[in-house]
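Supplied in structure tokens, the structure appears directly below.
Labels A, B and C are assigned to the chains in the order they are written; within every chain, residues are numbered from 1.
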Amino acid sequence: MTGAVLTPLFVDALGEFFRPGTLSEVFVNGLSKAVLYAMIASGLTLVFGLLGVLNFAHGSFTMLGAYLGGLVMVVLVGSATGDLARVLFFLIGTLLVFAAIGALGGAVEVGLIRQLYDRPPIYQILLTFGLALVLDELARIIVAFYGLQPITDWRDALGTKPAFMVDNLELAGLTVSPLALFQIGFGVVTIGAVWLFLTRTRYGMVVRAGSEDDEMTAALGIDVNRVFTTVFALGSAVAGVAGMLLMWDPVWGASLPLAHETLLPAFVVVIVGGLGTFRGTVVAAGLVGMVDATMTWWFQNAITFTGLPEMMIFLVLVLTLIVRPQGLFGVEEVGGH
Amino acid sequence: MLRTAGLTKRFGGLTAVDDVDFRLREGELCSLIGPNGAGKTTFFDLLTGALDPSAGSIELRRDGEWEPLTDASPAEVAQAGVHRSYQITNVFPERTVLENVRVAAQAAGPNDWKGWRNANVFEEHIGEAHRILDRVGLDALADQPASALSHGEKRQLEVGIALAGDPDVLLLDEPNAGVSSESVDDIIDLIADVARDHAVLLVEHNMDIVMNVSDRIVVLNQGAVIADDDPSAVQGDPAVQRAYLGGYGEEDDDGTPTSGATAGGSEQDEGSNGGTEGSA
Amino acid sequence: MAALALYPFVYALLVASPLGTEAETLLPRVDTMVGVFYFGLFAMSFDFVSGYTGYLSFGHAIFYGTGAYFVVLAANGQVPLLAPGTPFMLMLLLAGLLAVLIALAIGALSFRLSGVYFAMITLGFAQVAYVFVRGWDYVSENPKDGVAVSTDVHPGGFDVGVPGIDALNLEIGRLTGDTVEFLFVSLSGTEVSYYMVGLVVLVCYLAMQRLIHSPFGTVLLAIRENEERAEAVGYEPFQFKLAAFAVSGFFAAVAGGLSGGYGRSVAPDSSMYFLVTGDALLASIIGGFGTLAGPLYGRLFDETVREFLSKRGSGGGLLPYLRDHLPAGVMEADLVGGLTVGGAIETFLNGHASLYVGVIFVLFVLYVPNGLLGTVRDRLGGTVAKQLPDYLDRYRRD
């Protein structure tokens, strides 16, 4: 907690922060975090809105997606592989991760979560919490068996990045990270696809109707159970794909702690946006991403307190719940507060 | 005993309770009737503090003084001596029958914050609970969990919980709801019995009961009081017949208000409500 | 509970018996048991608020961490106005009171919410505190790794007993605690710690037990079962929940303080992190949510499995036992693709107790929602201590 006072250093930093170059850099970083948070949190919020389950194992899906994606890349990519091929392999990996984590999510819904819908919500928290323990430990066993360090980033997977994503670009006086741009592009497409699914397909309409009134949906003759399974699988799959993206990012990387590092901000995003609203989640992801990027810059340049970004994110959570518990776009009754 | 002045509750554009001046006198049994959606339950929720009124006031007479109750919380209303029962059974399901009433009795005394002595030491609450269970006819079941009671017995327990802690005013919300016809007489006896030492405001659909036990009847329609008189006068009131009883009176064989509504009366009320709107 | 009073003797006897290695393999060490005690107290305090009012306090680690940090910092002379030599019992009390203040502040803001939202806001507060102590350079040069009690500033141990009367105090500590020679009984430092930590935990348990059975406790149960009705009969649920939260915070801090005193150190990840609350949750569910004593047994189960599957050989686990008792040929036998039996155990069992405890936890949530103690009580129809003698009696007569 040193340096957080109005010293000359702080004033300098303030001037530096408001330079257009810095601002745009922070903005791009914030946006790349925002799309990642939105990808992870959208599954959480859909599952909560429809099933009423706050899924503590959601971050584990992201972690598994990162390892699985890393595995695909490490197997396919050799040192001679060109940049274009690497991007192509990444897209193949994305499909594989989407299918595999989606199948895992579907199996979890059918095998475990379904048994608890009539119990109080506390039991679903407990169940998914236990599930997260099991998935994380299984991953630890497998990762350690193959001689990798479970708690540090998977270096080989990081190394499968195309060369043009490794170093920052200087563009018209601005420093731009190509990786961040790739993440933003990829994330926007993914979130856009989920959005189109929800608004433009018959099935998506059912999902949205179901998240408002599942008895109504049942009355319309729709198999609610199948909708539940699909949504849980979809949410898990998108979280897994987010993990695939993080596997290339040296700030995150494929590692076991990734499960918690993504779960907690995702919780913040869904609560701040309003549990159960997709739109709120996207907006809140933007907010949290920007707070994160801004505070990361301040920590790197002026304030020596290491936990600054994380602390601000949790403060956003606490303040939201104090001032507006239903979140930015939430409906008051959802979730019982 | 208990009075309201200009009591109003609006939900968005809907006025559920509209400028109600109401007075419950000491020792009387007053029934509140009206078609479904007339605002009876909202009025109850306002009196008990579960809802805050949009306008108007609520006052309770204690020791010869009128005390404001308008902004009181449900707990403060209960502490002031106004207790309620619920239309849908609302007890402590996993506690025993005795504990349901005992914990309610304890709320009135000075002991609820005592953390250092066993609850069983406070025999006054246990004694009171047994007396009340005896009165509502459940003492033999004192050690059963509340969830094991039959529906009729749960209705008796509802009233028992409301009786605990010696209230001055009892607000009974359809104590007969869903009770089989054999058990109705027991509940009527119970209502008549508790009315002897409490002021009672009763919401009831069964017209036979209302006409038999009430000292006075207040009729609510679309949130407003349209009649406030003794049973026979209300029965003959043309405005009441039009608003409340007329709807099914036309369909029923003889149109007399006393015969139409029974335990299954709420569906008919739905019909009468629609009819009212149609004619108005 | 009574069986726990003799555990160190039973353990010592069994380990010295012909079945010594089996006993060592299966039973938790006395050192582990000390941890079971103080963490069990934390889990009980979690159960006191979450199991008895139905509000999931997902940030409960903040109170445990407060206690642990308070004791370690006080011992290092880093708490203003408090001398390093302050009696340990007083430190525990002050840590508890500090936690009460924090609980009142957090609770006042949090109990306006319920369900998922209550769990999330308490989690949020605890994570803010976690991130704070992890980066707070006042604590130590490397706050991320926590802080240990300095032997220069605080050379003595932590005494449990009546403050001010030397004869009524015994020092706790893994290696540094007092030893006792009394008549024919001799107790090692760890065994002394077992009894002294156990004593504090017992007193705290009895205090919470009293509260549960008091008029105050019956109101909490009423709120858990039907908050609306509890309010309608004249209780302000907010006040009672807040009070329960404060009480629970107090005992959680005492538990944290005991862990700080016994281990002479504290680290953010093992005190303030949300997974610490998760461990309490685990213990509560396995032991029995809403049974008070249950969480201690839940923690005992958890720790026993962990020690049985521990990587280190100390205290005896499955792997060293098999190494000693199976012929080398079996251990080296090939299963698949160069994986030996020993290697398989090393890979899939050892150090991975979380997996098996997690699976058991999930099974409990699904099929035994009342937990170990809760289920036994349901079967017997009352508390175990009260009903077991009757039950056995009936059994004998049949």
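Definition applied: a residue touches a chain if its C-beta (ideal position, glycine included) is under 8 Å from a C-beta of that chain, and two chains touch if they have at least 3 such contacts.
Note that this is a predicted model, so its numbers are computed, not measured.
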Self-check item: Most central chain, Cα average position
Solution: C
Quiz item: What pair of chains has the most C-beta pairs in contact?
Solution: A-C
Self-check item: Gap in Å, rounded to a whole number, between the CA centres of chain B and chain A
Solution: 52
Quiz item: Which whole number of Å gives the spacing of the CA centres of chain B and chain C?
Solution: 48
Quiz item: Taking each chain's centre as the mean position of its Cα atoms, how many Å separate chain A from chain C?
Solution: 33
Exercise. Under the touch definition given earlier, write down the residues of chain A that touch chain C in their complex.
Key: 1-2, 48, 54, 112, 115-116, 119-123, 125-127, 129-131, 133-134, 136-138, 140-141, 144-145, 260, 264, 267-268, 271, 275, 305-308, 310-311, 314-315, 317-318, 321-322, 325, 335-337
Quiz item: Any idea which chain B residues touch chain C in the complex?
Solution: 48, 50, 73-75, 78-79, 83-84, 86, 90-95, 99, 102-104, 106-108, 111-119, 122, 161, 164-165
Self-check item: chain C - residues contacting chain A, complex
Solution: 54, 56, 109-110, 112-121, 123-125, 127-128, 131-132, 134-138, 144, 274-275, 278, 281-282, 285, 347-348, 352, 354-355, 357-359, 361-362, 365-366, 369
Self-check item: Residues of chain C touching chain B in the complex
Solution: 210-211, 213-219, 221-222, 225-226, 228-237, 243
